[in-house]
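Please read through the structure below; I'll follow up with questions.
Labels for the chains are A, B, C and D, by order of writing; each one numbers its residues from 1.
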Amino acid sequence: MNIVLYSILVLGVLALIFGALLGYAKIKFKVESDPLVDQIDEILPQTQCGQCGYPGCRPYAEAIANGDDINKCPPGGDATIKKLSDLVGVEAKPLAGTEEGEQTEPVKKVAYIREDECIGCTKCIQACPVDAILGAARHMHTVIEDECTGCDLCVEPCPVDCIDMLPVKTRPDNWRWQLQSIPVQQID
Amino acid sequence: MNFKIASSPHTHVRRKTPAVMLFVAIACLPGIAVQTWYFGIGTLVQICLAILAAVAAEAACLKMRQRSVLPRLKDNSALLTGLLLGISVPPLAQWWVVVIGAIFAIVIAKQIYGGLGQNLFNPAMVGYVVLLVSFPLSMTLWVPPLSLVEYPVTVQDTLMLIFTGYSETGFSLAQLRVDLDGYTMATPLDTVKTALTNQQTYQEILNQKVFSEGTGIAWFEVNLAYLLGGLFLLQQKIINWRIPVAFLLTLTLFSFILHSASPDGSASTILHLFSGATMFAAFFILTDPVSASTTAKGRLIYGALVAVLVFLIRNFGGYPEGIAFAVLLANMAVPLIDYYSQPKTYGK
Amino acid sequence: MSPIKEISWQGIWKNNPALVQMLGLCPLLAVTNTLINGLGLGLATLFVLLGSNISVSIVRNWIPNEIRIPVFVMIIASLVTCVQLIMNAYTYQLYQTLGIFIPLIVTNCAIIGRAEAFASKNNPLLSAWDALMMGTGFLMVLAVLGAIREILGNGTLFSGADLLFGEGATHLTMNLFNVEESFLVAILPPGAFIVMGLLIALKNHYDKRIENLVVGQQKSQKIERARVTLESQS
Amino acid sequence: MDSLIKTIKSGYLWRFPGGVHPPQKKSLSQTGQIKRPELASKYYVSLKQHIGQQAEACVQVGDKVKKGQMLSRADTAMQLPVHAPTSGIVTDIREHILAHPSGLGEQTIIIEADGSDEWCQREGLDNYQQLPPAQILDKIKSLGVAGLGGAGFPTHIKNSRPEAIELLIINGAECEPYITADDALMREHAADIVAGINILNHLLEAKLVVIAIEDNKPEAIKAMELASADEKDIIVRVVPTKYPTGGEKQLIQVLTGKEVPSGGIPADIGIVMQNVATAYSTYRAVIHGEPLIERVVTLTGESISQAGNYWVRIGTPVAHILTQAGYNQPAEGRLIMGGPMMGFSIHSPLTPVSKITNCLLAPAMNELPDPADEQACIRCGYCADACPASLLPQQLYWHSKAREYEKAQHFDLFDCIECGACAYVCPSEIPLVQYYRVAKANIRQQAAENEKAEKAKERFNQRQLRLEEEKQARIEKQRLAAEKRKQTMQEDASAKDKIAQALARAQAQKASRSTDQAKEQAPAQSTIASDSKNNSPKSAAQAAIARAKAKKAAAQKADNEAMQSAADTDQSDIEKTAKEKAQAAIARAKAKKAAAQKADNEAMQSAADTKQSDTGKTAKEKAQAAIARAKAKKAAAQKVDNGEHANVVEPIEQSDPKTPEPTVDKPASGETNQMSQQDDKSQRIKAAIAKAKAKRKQLGGD
């Protein structure tokens, strides 16, 4: 009987001590905020295009932190998914809406307004998430190329379809040494 | 006019990887010749077996991994692995020993890591260590040099021994190991180890028959031959001088210090340098580019590290020869060594 | 898939505690030099897992979140002590062979992992099933590993069956082949790592095959695009 | 520094780590005078030939230019002008392939030579010693002098460093195999080079000038020693032949033992390095006023029968000089601009020679064999032994290949000078340099993208903030207005009228706005409404008003008239105004909100009035508007294969697709006469529709 008594006693005392320790730890080492969202937001391409189903990159970052899929960002492509999977510790999946093995290297694009067709309706200006379109009502608009994220949100609202999404042109300056991909130009 | 597009530089040195491997193999030849001279045709049989097994294993693995087989076999790396392993195995060990070793070396130590260039450990040494650990008996059955053998071992005997375990006349290998005077022979290092644990002094040990003038019979010459091959490699700039030099110097230094401190309780420097696999290891094993360090400083550290480990194992460890273990241990340290021995970049 | 089926699939294959979660590797690698040793430890672990999952599941609603781990450990430790005493009583020789690895079951992450991940969130019945399946998965790996190493190293199978199943099981021991020298590496710890690695590779290989067969059947749904500036227009 | 200069003077040489000794092959082109090929018929002068920004062209197509005339204007410091290589006519300014490994194009001025090769007016600065440095620098800049060694760094910038310069190194090492351009120049123009050096040193006031020449050019060494014998601050230093001794950083290390700090420039340690050819062209520019329009180019390789050095005008297409030098192209040849170690293979025979082209290498089939397939890296470390920058190429390769760019940068990827020594010695024939280039380009790209993303995020957040503020303001305003209304209601009973009015207005606004609702009603209404004047194709035509809008002419016209109608509005009676306004709004383009907002008061009123007036015409207008929107929404996909439509489209299809506008206008204007004044709009619309159709067809045809 003594054994049982001692056992209970010892365990009880231990429980008290460790209980106190745990209580202290809970108060002392409380985690305040979640830095994960910031890290995820860093990885996202900040096009603010909404193709993930969230209004902007930050909301999507929050959603990922709360357990949403990481494969909903078409502008980021596979590279972003891979980085996200490394950060969040989730298995990388193919981009939503595509098949396994399908290449999803995003093509960087810039919006371009065919200025002679623009009627100055300002709709695209209102649609642009980063205020990259200049113009006033009834005056021709134009896209600030450097600020455009290529989200194509301005294309649909345009009533006269005068906005094109053009791939960013490769110039000698931003050429990436892809020797294989160069077409042999035949001039004259 | 259409032009081909290519990346600079447009000119290349004409020495390719297969050639480098072949050079190393060729440099082994003097050592193999001397070894065959002293220990019989068994050495050559083992080498052939090892090479065959290694190349076959490599081909099978490549096939399974769905890689192109022939171009990769042509890089001669499997051949070299087999060769190095074949040299290390006792000449009269049974055939399956070396075959298992070669398969293990190629499959587990090389292909599973991703093939040539990806392996962390020296494949030949992995194979050797697996054999040594698994079949300690077979792997320590070095016959005495032919000149000392009581019963002459013919070519047929050798083949019979390797493939059946018994010689034509029905002797087992253990029986053949008995020399003219009826003593069981072992390698010099083995003898030293056993005798020292039996409280004999080093001078007494030297009187045993395996020794002549401070070095083991046959082993001195074998080492010399490998040294020769190594110098050829150095001259051809196939290997870098840093690893062998660091290795040999450190081994010399440590063994000299210990031998000076206790001349009776430890082997001499000469014995350390010219018996066992010292020279073979210094020029052919340690310099395996894939698993060795690649920075200038790192190579010195790597060579010295192996030497220290060899010295420790030989003198204080359980095995008479410790090169294989030392190499594997140092292999593990290579990424670390390389990381911390980066050269100073220009302008930094 | 019904939850019962799902749990079985998860425990035995998909989320196998040894091959996939890589939990409890210490005893796994240390004792599996023969099939019987593996079976013995596997059964012990299975029993503890079953007990702990049921107990945790029963009391799950009363455990404050902050101290759940200590509570789980306490439950598991008690069960391990029971198992240890039982083995000591009935399979003394096996108890001797397994040695420290029986008490070490307490620290087997597979068990506390199940308590944390499953039992603390599900009802006792499901938890018991989960424990059974996870335990079986673990046991199977132990047994296979032990069998392979035993065959490679000694050329035998079921050697020492009497330790686990009593005297009557002695004839179970099979001598598959005789070699002059055993393949020692298989018995030694490195062999455990190598064989384990190969087992995992094999499993992944089959998974990939299965995946290739199934692939193309499901395609992820299209996402409704959000209009960042929709509300600001109205 | 003084002691260092003493050491340098004593003849001591340091050495740099690594380096390789590829076969020299200089004998192919080393002998003989520098030849002058015939003039080409066309020259392609790229506007950008150097590091820095592209200058703006200052000539126009059709201009007659003289040899040496400035073709582009350099406004900022990092710009350099280009000059006409010969006299002739500017025939085009367009994108043309550039002397760049990418084979991409840049703006290029194309000059058709007239054969007279007539100089423009040149002015030298004979008494440059008396002039302020700024004037000399300006001369150098305006004559387009750039570093002729490799990168083409503008010379005037290098020579106007604010730091005190102790040492001027003239690089005549020319370490790349095959190339002998500098060698030939030194042999033939040593005195001019020394004169150029004097000009450069006059600007820099360095304590010592070292001319470094590799020991495989004995004649050049002799010539330079002879020419500089009288100059006490100039010494000729012979350096051992090893690749890449001619690299800026390596040569500095060999001559001074110092290292240029990572990411820095030689001026940071008091050193400036210029190429011998740069010194020569500086001399030509300052003393003779000749712009940089030609340079020595080595044409070599076993495919060229008359290998040697040539004075080549900048902008000459390589095909021209190759023909002159007797080039027989092998079946699958490469043509390399630059040397075999660092040169790049060019894509087209029309690639022009640029300021940095020092060699054209046309190897025979087995002279420089193509690299075999890349094999596994065996970590042999030969590359590390060969690297002149003491990098670990095998690690860089590893990380570059795995795209672990952070780790690659940790191993100092950006200190790689891409000399190619590592790839030269690699036994596995891995194109190491290519891996580094791709990695560097990707890292730069990534950095640019990150910066852009950061900016986008900031802008997005700012915008969100602004929208939120606006929303608050709107709510506040509405609240105030409601309160005010309440007050007035209580105060004044007669306000009821006003409310009625407001309601009417609101309704009108809604009507004019709700395009989507109108869409459904549109077709039916339109057919009825347009019965009187428009047959069905016509109404369909009206329906496509949106498309019509898409065309410039129509839009402009509409704009003008809408303006006018808007102007008329005030004068004419209310009903008419209303109609005009509505038309204007429609014509202005389905700009739902814009129209609603802008036209606010008037449009609202007019819409209300329109409703009240209830005339057939108004209904028609509305229908048109609705239809237009409907069509706009349905857009391109719908193809109406109406016979009548086809008629309208027909003439356009026959005409040149590039100029549909005038063609379309004709039938449209023909119809105009038959129509009443009020309907000139519908005619316009029709025209526009036709255009839109044509365009769609064109697109479809593509």
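List of remarks:
Operating definition for what follows: contacts are C-beta pairs under 8 Å (C-beta built on N, C-alpha and C of every residue); 3 or more make two chains touch, one makes a residue touch a chain.
Keep in mind it's a predicted model, so treat the numbers as computed, not measured.
Relative to the centroid of every protein C-alpha atom shown, the closest chain centre, again from C-alpha atoms, is found for A. More contacting C-beta pairs link the chains of B-D than the other of the two pairs A-C and B-D.
Using the mean of the Cα atoms as each chain's centre, the chain most removed from subunit A is B. Subunit C has its Cα centroid 39 Å from the Cα centroid of subunit A.
If you average the CA atoms of subunit A and of subunit B, the two centres end up 55 Å from each other. The geometric centre of subunit B is 60 Å away from that of subunit D, both derived from CA atoms.
Chain centres here are Cα means. That of subunit C falls 63 Å from that of subunit D. Contacts with at least two other chains are made by residues 48, 56, 129, 179, 182, 184 of subunit A. Residue positions of subunit B with contacts to 2 or more other chains are 3, 5-7. Shared interface positions of subunit D, defined as residues touching 2 or more other chains, are 103, 347-348, 434, 437, 593. If you check the complex, the residues on subunit B that touch subunit C are 100, 108, 112, 130, 133-138, 165. The touching residues of subunit C, when paired with subunit A in their complex, are 66-67, 70, 74, 215-216, 219-229, 232-233.
Only residues 48, 96-98, 100-106, 347-348, 350, 434, 437-438, 441-442, 445, 448-449, 452-457, 459-460, 462-464, 546, 549-552, 555, 588-595, 597-598, 632, 635-636 of subunit D touch subunit A when the two sit together in their complex.
Those residues of subunit C that touch subunit B in the shared complex are 180-186, 188, 190, 194, 197, 201. Of all residues in subunit A, those touching subunit C in their complex are 11, 18-19, 22-23, 26, 48-56, 71-72, 93-94, 96-100, 126-129, 153.
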